[in-house]
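As structure tokens, here come the structures.
What follows is chain A paired twice: with chain B in the first complex and chain C in the second.
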Partner chain A sequence: MIEVDNLQKAYRKLHAIKGISFVVQPGEVYGLLGPNGAGKTTTLRILATLLKPTSGSAKVAGFDVARESLAVRRNLGIVNGGMKVYDKLTGYEVLDFFGSFYDLWGPGLKERIAWAAELLHIEQAVLSKQVKDMSTGMQQKIVIARAILHQPQVLLLDEATAGLDVFARRALLDFVRQYAELGKTLIYSTHVMSEAEEVCDRVGFINKGSLVYEGRLQEALELGSGNLERAFIRRLEEAA
Partner chain B sequence: MMNEILIIARKELLSVVRERRVLFTTLVLPIVIMPLLMFGPILLFGNAARQTQESVQKVGVVGVPAEVLEQLRKAKVEPIEIANPQEAVQNREVLAALVFEKGTFTIYGRLSGGATQSALVVEKVQGALRAYKDRLVTQELQNRGIGTDILEPFRLETKDASREQERAAGLFAFLIPYFLVVFIQTGGMPVAVDATAGEKEKGTLEALLAAPVPLVQILLGKGLAVFVMSLLSTLAAITGLLLGGGVLRSLFATQLQAVQNGENAAQLGGALALDPLGYLSMIVTAVLFALLVIAIMISLGLYARSFKEAQSYMSPLMLVMIIPILFLQFSDFIKLQDWYFALPFVGVVLSLDAIVKGSATATLLSLTWVSTLVFAGLALYLAYRNFQREDVVFRN
Partner chain C sequence: MLERYLRPMWAFVFRDWHLTRRYMSWVAVFVFYAIVNSATIALIGKAQDDFRLTLTLLLGVLLWSFLSAMYNEIANSISYERWEGTLEYTFMAPVSRLIHLSGVSLFAIIFSVFRTIVILVGLVLFIQVSVNGANLLGVLVVLLVASLAFMGLGLMAAILPVMSPENGAQATNIFQGILLLVSGIYYPVSVLPSWVQPLAYLSPATYALEACRKLMGINHPDSTPDKLVGAPLSTVLPELGVLLLMGVVLIPLGLWVFHTAEMWAKRTGKLKRTG
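Right after this comes the complex of A and B.
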């Protein structure tokens, strides 16, 4: 579960987030939608304890992001479009490296790697290649596998399909739904509305650091006469 | 806690091991290049000097008496008449020139720019003139019925009173601090850059920071990897120096002996003659110095946005560290104060010099060790503070 309450983040004169609040329940995929620079990445980085909020609070899996950062990280996985893994290591070595921080060793680790590989359609042979020798899509799958290896309660996906080909993108979208069905809490952040339409249960529209709309996917679609992009533009115009 | 540090260090080292270029420049090259650096110039210059002594060179002459010309020929110099001595030497028509005018011999040679063949020929001409002068003086004394021993009323001897370790160290006394400083930095720099600014530039840092590992452990893990590479690189350089030096000494013993004019050839390269405590002191000093340098490099690397920026911060560090070594060359002219041993870099260089020469004391070494540890701690704290700053970590 994710609980965000009046969260704010300011960099000197720039207010990246201006007091946003929302809750995401277990088993739910929450779409955080907005244009580039709206504050999506900043919000997710705060939830992942990579940034500290200026004010307000947030809890991930019951732990406060500002005060219990290690506990939050144990229960969370994050992927963003620009995230990469070590190119000189093999896929297996990357997963071994990150898995060891979650007390995953030996047979337990092998099992988890097999589970993640199956879920993301990664062939075992690919895991023995160095990351630099993999395709962009496969590299991104390794990034995602690293984030889910410890089966976190909360998964944050920020523009996670950036750079993926059609097959890898399809695999990721299928994975998001499957992972939510395991009772996990997901935030799916993107500016591609069609992806959100496919995977999200609820959506929040964020613009210039403010949450301008929040509702169930069906309600949002009705707002845009069946089109999420139209709903997003309409809501932004109303808020302006 | 230690487990996470080791895991991170192992990952950093694994990345380095797979980078053959870095592996070659930090571990293989020092072994190959150190003996060449140490003995190559000596052997080359020694051979060139011997060949110059044994072969005949052309020397321009103006107004030189026949007796002197004969003396020059005996010294394996071929005199040829020229019009303008300065021009002839400048244009390399002759290696040196000798002019006799109004009772004065003037020798022309190209004496600037280090060891030149012209300088060696000038020495030959000087030798010939000295022999000619001695002959004239001896003849004149004999004509007056005076023995030549009047020219030497007493004997003059100079003895080296330096410690045995200092004598044995030879060039090592200067080179050990230099090599330690250079190789600790050059060995660690590629890993330090890759593990800090490199991670930022490649986009891998965020995934690591999202893992449940405290920042201090990430920092120590990266520091440990840099430390291992620094020490391996330094060991490679010293191994190259000792083993390569030994091989070259045995292969070219005659040439080295000839260059030294009969002195102990081993002194050319030097040989460490320390007791176990001396070696231990040297290792402790080097390790503490490595900690300081590594902490500074990691701090700079974390601040930098990219590989290039990190390298541009770290390269001047080498110049800063070499200043105390230059200072060391003139240390004999300065009355060393105890507090010099507590200065960053300066203390380490002075202590290493003292250890190699066998003049180190427990008090001065302790002063250097404690101060270096304190400075390393401060640098590490600065690196930690940099790592905590969002504007630094997400600077790219």
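Right after this comes the complex of A and C.
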């Protein structure tokens, strides 16, 4: 579960987030949608303990992001379009390294790597390749495998399909639904509305640091006469 | 219970080992350069036909090679993460910074020991000097104690690239250069300009070198090219005490500086994956 309450982040004169609040339940995919610079990534970075909020609070799996950062990190995975893994390590070495931080080792770690590989359709032979020798899509799968290796309660995906080809993108979208069905809590942050339409249960529109709309996907679609992009633009124009 | 702390620490050691072996050709090139550079310095003593000067230079290049390699590995560990684009995920790992940096430092020590041994073997091809009578075990003890202080300095320098990616990396190198200058690696501190000399007493390398020269018997009047008169460890207790004190102060101080700067970076949004 994710609970965000009146969260604010300011850098001197710039207010990146202006008091947003939302809750995401287990088994739910929450679409955090907004244009570039809206505050999506800032919100997710605060949830991931990479940024300190200026005020307000946020809880991930029941732990406060500011005061219980280690516990938050134990229960969280994050996938970002720009995040990388060590180019010169093999896929297996990458997963072995990160698995060690979650009390995973020996046969338990091997089993977990096999589980992630199966879920993401990564062949065993690929895992023995160095990351630099993998396709972009396969590298992104390694990034995702790293994020879910410890089967986190909460998974944050931030522009996770950026740079992926159609097959890798399809695999990722299928995975998002599969992972939610395991009872996990997901935030899917994107500015690609068609992706949100496909995977999200609820959506929040964020613009200039403020949450300007929140509702179930179906309600949002009705707002735009069956089109999420239209609903998004209409709501942002109304809020402006 | 202990395994829960040691496993993540070893994970950092093994990660750095895997990365190092994948960059082995570059490691070989840098070690080759270090051997050649060390030999050219040490051969100055040989050319003067002065065993004391030769040993002073040899000790200087080897000790500096060890301490600077360790400092570099620790100080640049954050820069490496930035270059790899993995900084955020490493900082998001649910391990304390103590475990993270202990793993990085442990690999740095192991790597520096092997690098120095390879340089030593390489130097033997160019220069044969007798170390008969030198207290080599004592030298090892001094190196171990000195490495604690250098670890602390490395930890403080490591956070600089987080605060300012380019300037931070430059600052770590400038700091290393100042240490090399003021510590009297190849010359006595007394030849430095008087306004620089006080800085020598702030550098752990100064005390390490002074102690090692005594332990090797380099300046002992009875030492000869065939037989050195190395001092017992008890004679360098003052230097060891200072080095130990520096280590005891600098390591917690380094961790505190790192933690404080990390918190600052999280407040100001400087903790970026690239830069």
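By our rule, the second predicted complex is superposed on the first by the 240 of 240 C-alpha atoms of A that agree within 3 Å, B and C clash if a C-alpha of one lies under 4 Å from a C-alpha of the other, contacts with A are read in each partner's own complex, and residues count from 1 in each chain.
Rule of thumb we're sticking to: contacts are C-beta pairs under 8 Å (C-beta built on N, C-alpha and C of every residue); 3 or more make two chains touch, one makes a residue touch a chain.
Worth saying up front: this structure is predicted, and the values here are computed from it rather than measured.
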{"item": "Joint occupancy of chain A by chain B and chain C, clash or fit", "value": "clash"}
{"item": "First, second, both or neither for A:Arg234, with chain B first and chain C second", "value": "neither"}
{"item": "First, second, both or neither for A:Leu89, with chain B first and chain C second", "value": "both"}
{"item": "Chain B versus chain C as contact partner of A:His15, first or second or both or neither", "value": "neither"}
{"item": "Contacts of A:Trp105 with chain B and chain C, given as first, second, both or neither", "value": "second"}
{"item": "Chain A residues contacted in one complex by chain B, in the other by chain C", "value": "11, 48-52, 70-71, 73-74, 76, 78, 80, 82-89, 93, 97-98, 100-102, 130, 146"}
{"item": "Sites on chain B touched by chain A in the complex", "value": "3-4, 7, 11, 14-15, 18-19, 202-204, 206-207, 209-214, 390-391, 393-394"}
{"item": "Touching residues (chain side chain A, partner chain C) in the complex", "value": "11, 42, 45, 48-52, 70-71, 73-74, 76, 78, 80, 82-89, 93, 96-98, 100-103, 105, 130, 146"}
{"item": "Of chain C, residues touching chain A in the complex", "value": "4, 7-8, 10-11, 14-15, 18-19, 22-23, 84-86, 88-89, 91-96, 263, 266-269, 271, 273-274"}
{"item": "In the complex with chain B, residue positions of chain A that touch it", "value": "11, 48-52, 70-71, 73-74, 76-78, 80, 82-89, 93, 97-98, 100-102, 130, 143, 146-147"}
